[in-house]
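Quick heads-up: structures coming right below.
Two complexes come next, and they have one chain in common, chain A, joined by chain B in the first and chain C in the second.
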Partner chain A sequence: MEAINPRGSGVKRKRGSGEQWRAAMFLTPSWLLLLLFFFVPALLTFYLAFTNMSLTGAAAAQTEFIGFKNFTNMFQDATFRTSVFNTILFLLFSAVIGQQVMGFLIAFLMNGRNRTFRSVIGSIVIAGWVAPEVVCAFVWFAFLNDSGTANAMIESIGLKPITWLYTFPMVSVIFANIWHGTAFSMLVFQAALGDVPREVEEAAMIDGASAWQRLIRITIPMIIGSVVTNMVLVTLQTLGSFTLIYALTGGGPGNATETLPIYMYHQAFVNYQLGYGTAISLMLLLIGIIASLLYMKLLKVKL
Partner chain B sequence: MTGTKKWLAGTIAALTVLTAACSGNTGTSDSAGNQANAGGQATKTVKVAYGKWNETDNWGKWLADVKVEFEAANPGVKVELQPIEGSQYATKIPLLMMDGKTSPEVLAEDSFMINADSEAGYLEPLDVASWSDWSNFNDGIKAAVTGKGDSIYGVPFSTDVRGLYYNKELFKQAGLPVPWEPKSWDDILSASRIIKEKLPDIIPFWMNSGKAGQEATTMQTLEMLLYGTDNTLYEDGKWVTQSPGMLSSLQFINSIYSEGMGPKLSQVLTSQAGQVLETDLMPNQKVAIVLNGNWLTGNWAENGGKPWPEALDVYGFVKMPTQNGQEPGFTSMSGGWTLSVGAKSKEKELGFQFIQMATNKVNNKKFAILDGALTPRTDVASDEEYTGQPGTLYGVAAEFITYTHVRPSNSEYPGVSTQIQEMVEKVASGSLSPEDAMKEYAKNVERTVGAEKVTAK
Partner chain C sequence: MSSNVRKRPKFNRYMLARVLPYIILSIIGLLFLLPLLWLLLASFDGSATLALRMPADLTAANYASTLSSADNQRAFMNGLILALGQALLVVVVAGLASYPLSRYQLRYKRPFMYIILFATGLPITAVMVPVYQFFLYLKIQDSLLFTTLFLAASALPYSIWMMKNFMDSVPLELEEAAWVDGASIWTTMRLVVTPLMLPGIFTVGIFAFAGSWGNFLVPFILLQSPSKLPAAVAIYQYFGQNGIVQYGKLASFSIIYTMPAVALYIIGQRFMSQGFSFGGASKG
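The block that comes next holds the complex of A and B.
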C-alpha cells in the first residue's frame, strides 16, 4: 500500500506537471502578446502621466519627470471639471439609464413573442449597434443638422427649425449614444430573461402576483447578476466613447459636450501636451474602476 | 492521438505567427538592401507634406508642378506628395516629423510654429548663407523664420494681410456709404446694426470664432482686434493675459453675437466654416462684412474652387481700424507659410534643393498668382505680371503691410493660441461673459507657461 501510493501520486504529479508545462507553453504566446501590447503600454502610460512630454517645443526634445504637476494642474483647470461633469452626465443618461432601460424594455416586451416579431425588431435595433461609431455620427448629423431630417419634419408641420446640435448639444449626443448602444443591453437582457425558469413565474402567477410584482420581485432579482455585468460593460464602453461625440459636435459648442476622452485628445494632440493628456487618461481609468466597484457594492453582487 | 493532433495544430499555429512576423521583417530589410545595393540607380524619395485646405488645393497644384520639374532635373529621384487635410494638419505634422521613418524631407510649416518645432528638434537649420537667391526674400519676413540658435529653419513662400471685406451692393441697399471707410470699431458695429435692421436676411458680420477654426480664430479675429487696442499679446518676455484691450476685444465679439449680428453658431463653429464662407455666403451675397485675409480671392480665381470674376467688384477690401481710431489709425496682422526640411528625414540635402526650386522666382510667382497669396520675394513683388494680376488684392495689400503686426515668435505661442481659440468660442457662444472668459484664459495660460511668464495690465 505504502509502496504503491507514492508511486501512484508520483506518476500523477509527473503527468500533472507535464500538462502544466504544455499548458504554459500554449499560453506563452498570448502572455507575451499581452505583456507587449497591454502591460508595457499601460505601465508607460502611468509613467508618462508624470512627465511634461510634449509634441513640440523644447519639452519634445527632452522629456522631464515633473512629479504630480499634471495632476495639480488638472484639479485647478475649470475645463477639466466641466468635462468630468459632462462625462458623468453623458454616462448616466446615455448608458446607465438610457441604454439599459431601453434595452431591458425591448428585451422584456420581446420575451415570449413569436419568432418573426422578435427577429424583425431585433435586427432593427441591432442595426444601430453594428454601424461603426463614425457612421452613427453621420446618421445623427444628417438627422439633426440645420437642414436635416428632424428640421424638415418640424418645418412640414409649420414650426420653426431648431439648431439641435447647438441648442441642445448634450441631449443630441445622449440620444445618439442610446440609439447606438441599446442593442448591446438588449442582447444581454434577452439572454438573461431566457434563463429565468417559467415555473417560478407561473407559480407566482397562480399565487396571485400581478405582472408588475412578478417583474420587480421575481424577474429582476433573478437577473441582477446580468444587470451588473451589463452596467459595468456599458459604463466602460461609454466612458471611452470618443468618435461619436467628436464627429458629431467636436466637444462643442464651447465645452458643452467636452467629455474626458475629447478633452484628453484636445490636450494631447491639439495643445500638444502629451504628458498632460496621459494624466487625464489615468483619471478616466480611475472613474471607470470607481463606477464598476460602486455598482457591485450598491447591487450587492459579486462578479 | 488527440494529443499529437493538438501538438501539431499548436506548432502549425505558432509557426504561422512566427513566419508571418519574420517575413514581414525580411521583406522590409530586403527592399532596403536592394535600394542600398543598386547605388546610384536607386530611387531616392523626397517626401513633401503640405496642407490641403479646400477642394481648390492650390498648394497641391503648385507642388505637383514643382515635382515634375524636380524629377526631370534629378534623375533617380522620386518626389512623393503627401497632402494632409487642413483641419488635421497641425496635429498630424508633428506626429510625422517626430519619427525618422515618417518624417517628410520637405514640409509646409506655418511660421508661428518655427520656434516650437526647432526647439523640439524637428526642423533642420538651412544653409542659406551659400544660397544666392536668399537675398531676394523680404528681410522683415526672414525674422519670422528664425528659430533655435538664430538659424533659419524655413523658406517663406507666402505672406498675407488681414482686413475687412464689405459688400458694396448690400451696403447701398441698406443706405450705407460706399466706399466704406470705417474709422473705429464703433463704425463697424453701427454699420452692422443698420444692416441687421434694413436687411434682416443678411448676416451683418462674419469672423472666425471657434476652436475648429484653429489659428484662423486666433489671428484673423482676436489678434486683429487686440492689436488695434493699446495692448498686445506678449510684451517683454511675458504673456499679457489680462488687459483692457483684451477685454474690449472680447466685448466686441460679444456685441456681434449677442445682438444677433453674427452668423449662426452651427455655421461658424465647425471646421467647414471657412469653406462655407468662401464658396457660399460670400459668392451668394449673404454676408455684409467679413473680417478675414487677402487670400480669399484665391478661391474665386478662374481655376479656383468657386470661380467668380466679379468678386472684387462686389466686395471691397478695407483696412481694419484701431479701436477708437487711435494712432496709427489702422491695424493688420501678417503671418506666412514656409517650406522646411524635416530634421529626422533621410534626404535632407535633396529636400533643401526641392525647396530652392519651389520658391524660386518663376515658381513663387506662379504660386502667388494661383493662390492669391502675397509673395515674400522682393523681385516678384515688383514684377508687373504679379502686381497687375486681376482679381487679386496685391495693389491694396501693399498699403496694409505698413500697419501690420506679427505674432510673438516664441515656442509657447502655439499653446497660448489654442487657449485664445477656446476663449473666443466661449464668448461667441455666450457660455461665458467677456470678463469671465478672460479670467479663465489668464488661468489657463498661467498653468501652461508658468506664473513667472504672465502679467496683467
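The block that comes next holds the complex of A and C.
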C-alpha cells in the first residue's frame, strides 16, 4: 500500500477535489449495480421474511405483515428440521471433512513427486471442478444408476448392485460433491505446502521424526492458517449449493436430501409460499453472514 | 531388483515409501476419472448406456445431432449472451472501481472494501427468492438483459476485490511518467494502465464468464420463456424428461457445454498461478 499511495510521490498532478470527483465517478457504476441487484434484495429478505406473500390463495391478493409467524411455523415444521439436519450433514461430510481431507491428501502426496504424474492427476481432479454443476449431476446420475459404472464394478467382484440414489441418497450427493469440489481445496493446500520451507522438514527428519510426526507436528501446524480459511470458504460455497443436489435427487427420495436451499426453493417456487421461502432464505443468509464475518476476521485484511 | 531386496532388506521399506504415494494417487485419480470417462465414451457411442464401456457403435453422430438442433443452438447462444455480457460488464465496472480504490486516498475506502469482502462470502442462493420477488415487482423477470445485470452484480464483489489487488501490483511510475508528458487521466487509463492490467482483466473476465456459463440457479429462477433459457437449464430439462433418454446425445451436449469452461481454465491458468495462495489476498 505504501508504494502505491500517490500522495508524497514527487510528481505534481491535478488532484484535490478533482480526485474525489473522479473517484466517485469511477465507483458509481459498481455502486449502482451492487445496490440495485445485490444489497436491495438482500435487505428485502429481512422485510419479506415477515410477510405472508404468496403467489396463490388469499394471501396472493394482499400481502400482509405477519410478524414472527413464519418463524414460529418454521420451528414446528418437521421438514424444516430435517432440512437443517441434512444441511449440516452435507456441509460436514462433503465439504469440511470430505473435500478438505481428500484435497489435503492429494496435495500432500503430490508434494515432490514426478512433475508429469502430478499434472495428470491434478488435471483429472480439476476437470471435475471446472465442469458445470449440472454436468456433474448428470455424470453422477449415470455413475450411480442401477445400471451405471459403480454397480458394474460392484457386480464384477461378485457383490449385489446397490440402488445408490434410493438406498443411500445422502451418501450419493456427498460423494458427488466431494468429487466436484475437492480440486479447490487441493489447489489451496498445494499453494500452502509449497510455502513450507523444505529445511524445516529436513531438520526434523535428521532429528529422527517419523513421517507421521512430521505431518502432525510440523506440516499441518505450518499451514493451519490456510486450513482454517479454506474451511470457511468451502463452508460458504457448500452452504449455497443447490444445483448438484437438485439435479441429482431433487431433494428426495421423500426429503432425504432436502437441504435448506432445496427446501427454500420448494416452498417459494413449488408451493408458492414466497414469504415462508424468504424466511428460510433469511436463515441461510444469517448463517452466511456469520461465516462471512468469520472469514474476514481470519484473513486479517489490512486495507 | 529382487537380488537387491535380498541383499538389503531395508531397501524394501524405502521402496514402499517411495512407491506408495504413486499407488494411492493413481487409485484416487482413477476414481475421479471414471465418471468423466463415461461421459466422454458415451458421447461417441451411438447406443450409449449408463455404464462405462468402449463405444459399441463408435460415431460422431451424437455431436452432429446436438449441434444441428436449432433448440440447442439457441440454448448455447443464450448462455453465451449471459456469460459474455456479464463478463464484459464486470471487467469494465470492476476495472473502473479498482482504479480509485487502489490509487487514491478515500475516506470511505476502508468501509467500502470491507463491504465488498463481506459480500464476497454471501451465498447467492440465499437472495434468490427476494431477487425473484424484486424482479416480479419491477416486471423485469424473464429478461436476458436484467438477468445479465443481476449476474454481473453478483460477480462484482470478488471481481472488484481481485481487480484492486491486481491494480495494486501495477507500478505507479509509468502513470506518473505519462502525467509528466501531459497525458490526461483517460489517455493514461487507456494506454498505460489497461495494457499493464491485462492479466488481471483476463483473470477477472474468465472467472466471471465461467461463473455465469455454469450457473444454473439464476437463469432457472429469473427466466421462464423456453426461447430464453441458456444451456445450463436446457440440459437439465433434457435430463429431467421422463421416458426414453438418449444418453449419447445428452453426453455430447454435456461435453460441448463443458468445453468453454475447460478451455478458459487452461487459458486462465497462465494468469492465476498465485490465485490460491491466501498470502496474496491479504495484500492491499
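By definition in this document, the second predicted complex is superposed on the first by the 257 of 303 C-alpha atoms of A that agree within 3 Å, B and C clash if a C-alpha of one lies under 4 Å from a C-alpha of the other, contacts with A are read in each partner's own complex, and residues count from 1 in each chain.
Simple rule for what comes next: a residue touches a chain if its C-beta (ideal position, glycine included) is under 8 Å from a C-beta of that chain, and two chains touch if they have at least 3 such contacts.
Here the structure is a predicted model, which is why all the values come from computation and not from measurement.
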{"item": "Which superposed partner A:I216 touches (first chain B, second chain C, both, neither)", "value": "neither"}
{"item": "Touching partner for A:P29 - first (chain B), second (chain C), both, neither", "value": "both"}
{"item": "Chain B versus chain C as contact partner of A:A203, first or second or both or neither", "value": "neither"}
{"item": "Touching partner for A:N145 - first (chain B), second (chain C), both, neither", "value": "both"}
{"item": "Which partner reaches more residues of chain A (counting touched residues only), chain B or chain C", "value": "C"}
{"item": "Chain B versus chain C as contact partner of A:Q76, first or second or both or neither", "value": "first"}
{"item": "Partner chain(s) touched by A:F269 [first = chain B, second = chain C, both, neither]", "value": "both"}
{"item": "Partner chain in contact with A:I97 - chain B first, chain C second, else both or neither", "value": "neither"}
{"item": "Touching partner for A:L159 - first (chain B), second (chain C), both, neither", "value": "neither"}
{"item": "Chain C-contacting residues of chain A that also contact chain B", "value": "26, 29, 145, 269"}
{"item": "Of all residues in chain A, those that touch chain B in their complex", "value": "25-26, 29, 54-61, 73, 76-79, 145-146, 163, 165-166, 250-256, 266, 269-273"}
{"item": "Residues on chain C engaged by chain A in the complex (per definition of touch)", "value": "17, 21-22, 24-26, 28-29, 32-36, 38-39, 42, 49-52, 89, 92-94, 96-97, 99-106, 109-110, 112-114, 117-134, 149-150, 152-154, 156-157, 160, 168, 171-172, 176, 179-180, 185, 210, 213-214, 216-217, 221, 232, 235-236, 239-240, 247, 250, 254, 257-258, 261-262, 265, 274, 276-279, 281-282, 284"}
{"item": "In the complex, chain A residues that touch chain C", "value": "1, 3-7, 9, 11, 13, 19-20, 22-23, 26-27, 29-30, 33-34, 36-42, 44-45, 48, 53, 102, 105-106, 109-110, 113-114, 117, 120-121, 124-128, 130-135, 137-143, 145, 147-149, 151-152, 179, 182, 187-188, 190-192, 194-195, 211, 225-226, 229, 232, 236-237, 239-243, 247, 261, 264, 268-269, 274, 277-278, 281-282, 284-285, 288-289, 291-293, 295-296, 299-303"}
{"item": "Contact set on chain B toward chain A in their complex", "value": "10, 14, 17, 90-91, 94-95, 98, 113, 116-117, 119-122, 210-212, 264-267, 269-271, 411-412, 414-415, 418, 422, 425-426, 429, 431-432, 440, 443-444, 447-448"}
